[in-house]
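Please read the structure below before turning to the comments.
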Amino acid sequence: MNTFGTLFRITTFGESHGPGIGVVIDGCPAGIAVDSTTIQAALDRRRPGQSELTTPRREADQVEILSGIFEGQTTGTPIGLLIRNQDQASHDYSHIEHAYRPSHADYTYDQKYGRRDYRGGGRSSARETAARVAAGAVASQFLAQQGITALSYVSQVGAVAVPVGYEQLDLGLIDSNMVRCPHPETAEQMTELIRQVRDRHDTVGGLVTGVVLGVPAGLGEPVFDKLHAELGKAMLSINAVKGFEYGSGFAGTLLFGSEHNDAFYTDEQGAVRTRTNHSGGIQGGISNGQDIYFRVAFKPVATILQPQTTINDQGEEITLAGKGRHDPCVLPRAVPIVDAMTNLVLADMVLRARANKV
Amino acid sequence: MNTFGTLFRITTFGESHGPGIGVVIDGCPAGIAVDSTTIQAALDRRRPGQSELTTPRREADQVEILSGIFEGQTTGTPIGLLIRNQDQASHDYSHIEHAYRPSHADYTYDQKYGRRDYRGGGRSSARETAARVAAGAVASQFLAQQGITALSYVSQVGAVAVPVGYEQLDLGLIDSNMVRCPHPETAEQMTELIRQVRDRHDTVGGLVTGVVLGVPAGLGEPVFDKLHAELGKAMLSINAVKGFEYGSGFAGTLLFGSEHNDAFYTDEQGAVRTRTNHSGGIQGGISNGQDIYFRVAFKPVATILQPQTTINDQGEEITLAGKGRHDPCVLPRAVPIVDAMTNLVLADMVLRARANKV
Amino acid sequence: MNTFGTLFRITTFGESHGPGIGVVIDGCPAGIAVDSTTIQAALDRRRPGQSELTTPRREADQVEILSGIFEGQTTGTPIGLLIRNQDQASHDYSHIEHAYRPSHADYTYDQKYGRRDYRGGGRSSARETAARVAAGAVASQFLAQQGITALSYVSQVGAVAVPVGYEQLDLGLIDSNMVRCPHPETAEQMTELIRQVRDRHDTVGGLVTGVVLGVPAGLGEPVFDKLHAELGKAMLSINAVKGFEYGSGFAGTLLFGSEHNDAFYTDEQGAVRTRTNHSGGIQGGISNGQDIYFRVAFKPVATILQPQTTINDQGEEITLAGKGRHDPCVLPRAVPIVDAMTNLVLADMVLRARANKV
Amino acid sequence: MNTFGTLFRITTFGESHGPGIGVVIDGCPAGIAVDSTTIQAALDRRRPGQSELTTPRREADQVEILSGIFEGQTTGTPIGLLIRNQDQASHDYSHIEHAYRPSHADYTYDQKYGRRDYRGGGRSSARETAARVAAGAVASQFLAQQGITALSYVSQVGAVAVPVGYEQLDLGLIDSNMVRCPHPETAEQMTELIRQVRDRHDTVGGLVTGVVLGVPAGLGEPVFDKLHAELGKAMLSINAVKGFEYGSGFAGTLLFGSEHNDAFYTDEQGAVRTRTNHSGGIQGGISNGQDIYFRVAFKPVATILQPQTTINDQGEEITLAGKGRHDPCVLPRAVPIVDAMTNLVLADMVLRARANKV
């Protein structure tokens, strides 16, 4: 279904080229200060046309609050948000009406539903993530009250990777450059790579690293809804994501148990801490109070401005000539989406944890 | 919560050293041939004490069917399964009653619930996965009717990796050796590595590769419950899992779009296929009829038979002397658990897909 | 939460005097012919200002389709519907900002949320049911394909009751008069009673009888989600409803088992039928192919145009002078709401039944 | 599905004549004192063979705790409870294997699932409610901590009704007689009526009145999951229930708004109260701190010891000769079931309310 979350729950709707996209946020506690400015700021980070590295398509992505906020605060009732699509009628999509674009969802939607809104990918378009970003902005306001902050940044584009871990970076620099990489030298190399890829009409993938600070111990549900399992599902639900790892991740499989275990100690303030953090702040699916960190793998986007051989819905071979304006690399615009999904998972887990207290 | 799945849904219960563990399977269609032999065979693959590479602890893990099966077939009503724990009273767990074992869930459960059943990890023990394996065996019977088969194998232990992809292996060899690796030479090296690790009282992690054959196009839900997002959550919910990737995965971030895209073609039988399968059989979250494949990263298990420094529940530093009988490497026994979770996700998606048809 | 249904699922949002109200319909199968005319027709039956018996307030209640419908048919993706509120700023609600109106939700919302949107009842206003009616119209299109028809009518106002059962009425007459009672003589008496009540600034309650025709045997889920339990919850969730009964209902408690049992027989066409239908078409929570019928009790609405003694949010006694334009009797406008909820329950059950088939 | 509740959630399993029935309780907070004695006491109230008015069938209904309770307290993990069926093999059910008993679920289960466990009603048997009663006993321990008490009693059998409201009764007398009616003279008449009905091999229905004391204001969810809507669904899910009303109920439709409205006032202790309680303690779906009360209509049970004409699964007319031992009136044994469902709804609502607090 088009719903995510258990207690802090969102339901999104809308297609790429229909009247608009939107979201209903249900379960947000009353009394959270939210206005359209807060939400708009998050949307502006995801919006196309921000820099030369993203699609030159321009959409204002103006959010309208339909319900749930009164006199500047949430009321506890569902928050409806609407983002109108602009010039949805102005493009010609007849060239893909019957084509199955390689590595897109055209074929699978047709198989599942027997039809699809083929204009710009319809429901399968990444445009849907704007609704998530709007909702994530509300979740982040709630989490700010709890002292929890989610951040993410581009840590790799193609083979160009940030050479150090998140804890050695100044995360205040994330928005200081077009690629949203807080390591300036690497950011320059990433920028250069994306330019090259764009100029040869290709696309490139990469990694986003997510960090959550200020999480108290005790968030997460045992067994199936482990905190990292929910984070993983959230990230894997984002368009173009192919992998998720947290803490030591895939590299942790190369360590022995004696190296990997995180020894507990009590610090000078009497707080329980671990000397290393291979656990990524989560043990047994529940937060342990250390930083949570994870990495998300994005494939190179499927829309390339090169001719490709594929088939149409009659099974006949066709050549599809790329056209339009598209991102050569989605990573910079993926950052606010990763933030949004992280915020939504954490907000849900904060609410779920409340039910367990005696 | 302790429930997984939407329409084919399981709820597990039980602690490592309580009376027993079990599962209620709800939503399994009527008319599926299931008996205790089928379920027992799956449990026997997960059972401790199978080989010198796993814990010498012996539990018969005998399943009892409590409901939902009549005259050898499912009736559509919930299937209750119970596995009694054996000699649950015979061990002494007083040494960990107040200790927070490194990289275990002792501390986090205490933080969440204010108490825990400390005997053998209680609810956080991997013993819970026996209930999943039992349920997965029922799901697999249902999927067999649909022509869907899920398989998995150990593809890496520490740094010892199978040098080829799943499509170049004889998957009939998975159970031909103790490590459940269908590449015999690699299996021998893995075995040798696990022996060494065991002898120096350490543990080692690795990777399990999962493959699903015979999946029709059209399974999976758009947006949040994408097929791979549900698979990812399922895998990440297994004890000790740190990462999940499908199709090209993390390595796919190094390819350009022009290399990564899977071109469609119509084969000689008129079936729609793709020339490559970087998509891992899933596009836009929905199966496209090609093989599904994915990889799951398991950390080295936290229980090591070496003294470790940690703290107790008063925050005081203590030294914990490892004892008991434990697996030096969980990978071989993880294979039936990965199979079970894959079967559960697919069974759920088959049922969910039925609702979409006009 | 603000979500109803399992597979055919709606989420509503919006307050009485905010920008608008709306609904997201998730899970509606693809390929159902729906346009705004269909939905508008249902909304027009619920709209205020239809006759002298309802509130003279006039709202066009114009629906806008935001997503999920393409080229006149559902696509399987979520259907977003929006109904703008009109002149939401034009009324003065300062007289109830701090007052707790008797038998309204003012006090309880304040207790639950610590605040409320006090304008016209906010989220607790029956205006929310317009969103349900819009969604029910879509469900009804889906059910029409299945041969299922839900109807309801006003069977009692105050003490004025239709003297015969639904099976002796011409249900085509429901919309032939202002009270939506298909028994013309009774309709006239009801009309007269409502006029009298209105003229003395009071309100009156009554009963709606619901009937569902064409339901195949086998719909409904055993144990908790029995078909009549879901219908009951659906009806009880409508504003002002105090009771629900189906089949023989409360009066059935006066019969003995030998009188109450419905004997099965096979009719001349070979169909299984029952000689009586005290079961109301549902046995063990599952439809048996006979007509489903039920009754819903609505209290007299709480808003009366008379001075009432109550308290404010400081606990001080105040006198509240009634003002504004309100329905003396909600029953006529409740009919389309009962229809909508019936359609939503049935559509959900049709989809849920599909998952059980082998 | 076989699951009830959102945060305090139960999943039941088991057939009348399989190995046993049981329940998994998920979401019960940690730290609640529960032992098997508490649960057994509730089961003993529901058990057959308690008095001459109930079936002489004797089942010990001994509960076994399988998980979730450690050192006498809940741990926050799922609580598995198992009740073995006794002599499940000893009866002969061949006479109903192919028969569709009037007003039972035989026909509808066959239509839904294509088969059924015909022994004693299988899953559709009221035996399933023993699992609910066991779970309700745990919920009641949790509610006791919150100062909330649910009680119910038989208020009508056939036409014999308690002549006064619950507030004029000594509810401590509920278990003082066989029929669980706290009005001694009425209880005697009810007893006499049940004896007569039993002796002529018939059955009789009636009403159970439920009361919940000590509910704080603010429990309940707006719109769909109104407190009374959840109570209604819970009651309607009990075998043989045909109707539900709360507060003024069906009779309230005969009052005018000026009579029905409950005026607020502040009492001498400064508490907000209402002068009447037609609202039944619930306004806008949320508790207002006054007593909650409701009535549940039970039909006469379908199993009668008289020959009845019906059909078999080939559609052929047959005469079914009643046999076995059955309750002439389920009302006395329905009381603990109503209590259980009330406790489950309230426990769920207490947990859900926690999520709304800022």
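To keep things simple, chains are lettered A, B, C and D as they appear, and every chain counts its residues starting from 1.
To be clear about the criterion, a residue touches a chain if its C-beta (ideal position, glycine included) is under 8 Å from a C-beta of that chain, and two chains touch if they have at least 3 such contacts.
The UniProt protein names, listed by chain, are A, B, C, D = Chorismate synthase.
Just so it is clear, the structure is predicted and the values come from calculations on it, not from any experiment.
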Which chain lies the greatest distance away from chain A when centres are computed from Cα atoms alone?
D
Taking shared residue numbers divided by all residue numbers at the interface, is the value for chain C and chain D over half (same) or under half (different)?
same
Go ahead and note the Å separation of the Cα centroids belonging to chain B and chain C.
46
Round to the nearest whole Å and give the separation of the Cα centres of chain A and chain B.
26
Contacts with two or more other chains occur in chain A at residues 1-3, 12, 27, 30-31, 76-77, 112-114, 123, 222, 356, 358
Mind listing the chain D positions that touch chain C in their complex?
1-4, 12, 100, 102-105, 107-109, 111-114, 123-124, 128, 156, 158-159, 197, 202-207, 217-226, 228-230, 232-234, 236-237, 242-250, 252-266, 270, 272, 274, 278-280, 282-289, 297-304, 306, 308-311, 315-317, 353, 356, 358
Chain B-touching residues of chain C, taken from the complex the two chains share
7, 27, 29-32, 76-77, 145, 222, 351-352, 354-358
Using the touch rule from the top, collect the residues of chain C that touch chain A in their complex.
1-3, 9, 11-15, 18-22, 24, 26-27, 30-31, 64-68, 70, 73, 75-80, 82, 112-117, 122-123
